[in-house]
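Below are structures written as structure tokens.
Each of the next two complexes has subunit A plus one other chain: subunit B in the first, subunit C in the second.
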Partner chain A sequence: MNNLSELQRDALLEIFNVGVGNAANSMSQLINEEIQLSVPKLQVVLKDHSEVISDFIQSRRICAVSQNFSGPLNARAFLVFPEGKTHEIVRRMLGEMVSADELNTMEEEALSEIGNIVLNACIGSMSEMLQADFTSSQPLYHLGTAYSILSSSQTDDDQFMLLLHIDFSMPKEKIDGYLIFLLSVQSFNELIKKIDLFLSHI
Partner chain B sequence: MTSSSIKSVLVVDDSRLARMLISKYILSVHPHWVIIEASSGQEAQEKAKLESPNYVTMDYNMEGMTGVEAAQQILEYAPQTIITLFTANIQSRTKSQAEELGIHFVGKPVTGQTVQQALDYFASRA
Partner chain C sequence: MNFSTNNCRPFSPTELQLKACTAAADKLNVGIAIVDSHGHILFWNQWLKEKSGLCCDEATHNEFLTIFPDLKNSRLAQVISDAIKHGLPSLLSQSLNKSPLPLYENLADRTQRVQQTIYVTPLEFQEEERFCLIQVNDVSIAVKKERLLREQAEILRDFAFIDSLTGIANRRRLDEYLADEFKRAARSNSPISVIMADVDNFKQFNDSYGHQNGDFCLQRVANAIKATLNRPADLVARYGGEEFAIILPDTSSGGASALAEEIRSHVESLAIPHESSAVGSHVTLSLGISNAQSYVNTSDKTLLRQADQALYHAKTKGRNQVMIFQE
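After this line comes the complex of A and B, so read on.
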């Protein structure tokens, strides 16, 4: 069931491509630098994802921002960066406005805002392409291992994980980021249905 | 319909879905136009040499060379080609790169409206 057809996969990638492209534009305005994005790589995996996580991000400590989206389908979405790699983004975002001490305390807030921008841009793109309306919760900030954050956030219903790997490159820093969407079987099927409906109109 | 009003468009995008959508919207306005597809900058160059399209819609973010690099090379040997960069990378740097090359810029998503923007540009340069 998690075997998407080439075209379904393509549709999902294009949704995220547009979403992240829009988000990068907002981010580049915030930090006054161009952001180069890699071509995103998508994996759809079943709930027992510990192996996939160990392949991708292993037990690395990460910082993540999560948001819940509700609508015709519900998803728990995460923007994930390796811990420590985000200082540069935050420093550029806040610049000379704050001292080094303040910078640390502002990091959580700044990253929550970035998560908010990126995740909402992806959901916005999904909403536009699939003709579906979503509401979103406030962004939540997490720091820890990928495994602990994802397992604590996951409910029994969540069976599917969409894992999207994107490199964000700025002139002086390259950050490998991940977008992760946790979905129930029902929501995953609804997503596929919406994609098929969209594809049937082409 | 005269043969001179039938144009050919090279649609370059690594997403098959994006190519299908762009083609569909172009053909809905110009049913007799010829659509050529390429899924990378490299393939775009080869198809541009073979087919000499009148117009090109070019994605930016693809494996291998970027759309701007591919557009630049196409313009070197076929400077009459009219190109629109059609991309989700809507940052000002990308727009200014397009401007420097003298090519038009349209931001994704691919919709009837955004494809029309590209078509309007093609018409204005015809």
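After this line comes the complex of A and C, so read on.
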């Protein structure tokens, strides 16, 4: 049930790659520097994912930006980076050299905007390719362990986790992060239905 | 369109409630604007009127982009269209978007715009039409506070890296700088040189003239070395006691040796009296130079040690001279 067919997986990867590609364009314009984003890998993980989480993020703390979206299917979407890497991305974009341990409010806001651009672009391409209309919340910034961030915003209904690796490349720098979507069984089934419909039209 | 944002019974306000909401929106300490699906401004609150100088009549019933033609093709225009067409909310942070709207604290002085964080959110209260809520927060004070904090952090950081007696870099700064520059030199395969300098017979100077004059002597020597260096990447640090270290990135041993000779003669020409010196009647320096050209089997620590050995050699050869480290 949690196994996607090869075709379904490819379709999802394509949707997300189109999304993050658009996000990369917006970001490059915003900071006047070439940014490339790609999503090379996707996993579907079942609810009891705490082991996976501790496995996939080695750093103790992560930074995340989340947005909830609803429509024919509901999901909580996260863009996640290890804490130190987030500082690199943000300070690189803002061109600041002084390194403090924590991002200040303005830097947190900049990161929220980056997350917002990526998540909106993914939701946008899902909406376009799957012919579904979504609404979404404003982005929220989180800092903590992956476990606490994901479990605090998870409800009992969320049985599935789509885990996507995202490569964030700036000149002379490459940063790995994750895109995570938490979905209920019902929403996951709806997603598969929409993907099958999308595939049948190709 | 399917709008399923909450499960509550829809709110149908009375006329009084509507009036109350409008009055409240005008008293809010944030900017509130509502744009309809054709890009016309439907509502423009008091805060925006005051900061933009546009009264409600001018703003409303006009197209957003007609009023602000400079915003065509801007990110703000893009996200407004994303909100209306696709129902996607956006955040425009102050740091990545420099004050998109022409809003001013003081309308008489339009040189500096209010620093803004803007939230653009789709509004769905009407079937078949999506509106867009633009919320503008003035973050000028927060930006100013954070700039002050950063400046203070930089000052504190600088203090932690300065030798309090001479005002030049301290040992901690030297170690960090040498490690960074050594790595950079190894990466780009360019030469790097280190000079170690020591005041000749300084113990005797202190004994004859007292520690206060000793301090004064070190300050003058430090200033003389600093004045001789003229590239921003060159760094002089107080290594300890009467010993100084100079880091010279992109410098061959020939270049370092010429500079060391210049420093030596500069200090000699200060003509600070030193009657008990074994060299002469004035304060002089002995200097040792080391240089890295290839980066196999060597480290920043080795470079310092070799400069120190060359310095020792200069001392044993009779002081007031420059020696280059030889294997």
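Operating definition for what follows: the second predicted complex is superposed on the first by the 182 of 202 C-alpha atoms of A that agree within 3 Å, B and C clash if a C-alpha of one lies under 4 Å from a C-alpha of the other, contacts with A are read in each partner's own complex, and residues count from 1 in each chain.
Just so it is clear, a residue touches a chain if its C-beta (ideal position, glycine included) is under 8 Å from a C-beta of that chain, and two chains touch if they have at least 3 such contacts.
Since this is a predicted model, take the numbers as computed values, not measurements.
*Asks:* Given the touch rule stated above, what does A:Asn120 touch, subunit B (first), subunit C (second), both, or neither?
*Replies:* It touches subunit C, and subunit B stays clear.
*Asks:* After the superposition on A, what does A:Glu14 contact: first (subunit B), second (subunit C), both or neither?
*Replies:* Touch partner of A:Glu14: subunit B, not subunit C.
*Asks:* Looking at subunit A, which partner touches more of its residues: subunit C or subunit B?
*Replies:* Of subunit B and subunit C, the partner in contact with more residues of subunit A is C.
*Asks:* I'd like to know which partner A:Gln138 touches here: subunit B for first, subunit C for second, both or neither.
*Replies:* In the superposition, A:Gln138 contacts subunit C only.
*Asks:* Check the residue A:Asn22 against both partner chains and state whether it touches subunit B (first), subunit C (second), both, or neither.
*Replies:* After superposition on chain A, A:Asn22 lies in contact with subunit B alone.
*Asks:* I'd like to know which partner A:Ser112 touches here: subunit B for first, subunit C for second, both or neither.
*Replies:* Touch status of A:Ser112: second partner only.
*Asks:* Scan A:Ser151 for contacts with subunit B and subunit C and give back first, second, both or neither.
*Replies:* neither
*Asks:* First (subunit B), second (subunit C), both or neither: which does A:Glu34 touch?
*Replies:* The first partner, subunit B, only.
*Asks:* According to the stated criteria, A:Ser70 is in contact with first (subunit B), second (subunit C), both, or neither; which is it?
*Replies:* A:Ser70 sits against subunit C, while subunit B stays out of touch.
*Asks:* Hey, what residues of subunit A end up touching subunit B and subunit C alike?
*Replies:* 29.
*Asks:* Which residues of subunit C touch subunit A in the complex?
*Replies:* My answer: residues 1-5, 75, 78, 82, 86-97, 117, 119, 121-122, 124, 139, 142-143, 146, 149-150, 153-154, 157.
*Asks:* For subunit B, which residues are in contact with subunit A within the complex?
*Replies:* Residue positions touching the partner: 14-18, 20-21, 24, 61-63, 87-94, 108-109.
*Asks:* Which residues of subunit A touch subunit C in the complex?
*Replies:* 26, 29-31, 67, 70-72, 93-94, 98, 100, 104-107, 109-110, 112-114, 116-117, 120, 123-124, 127, 133-139
*Asks:* Applying the document's contact rule, which stretches of subunit A touch subunit B when the two form their complex?
*Replies:* Going through subunit A, the ones touching subunit B are 6-7, 10-11, 13-14, 17-22, 24-25, 28-29, 34-35, 37-39, 125, 128-129, 199, 202.
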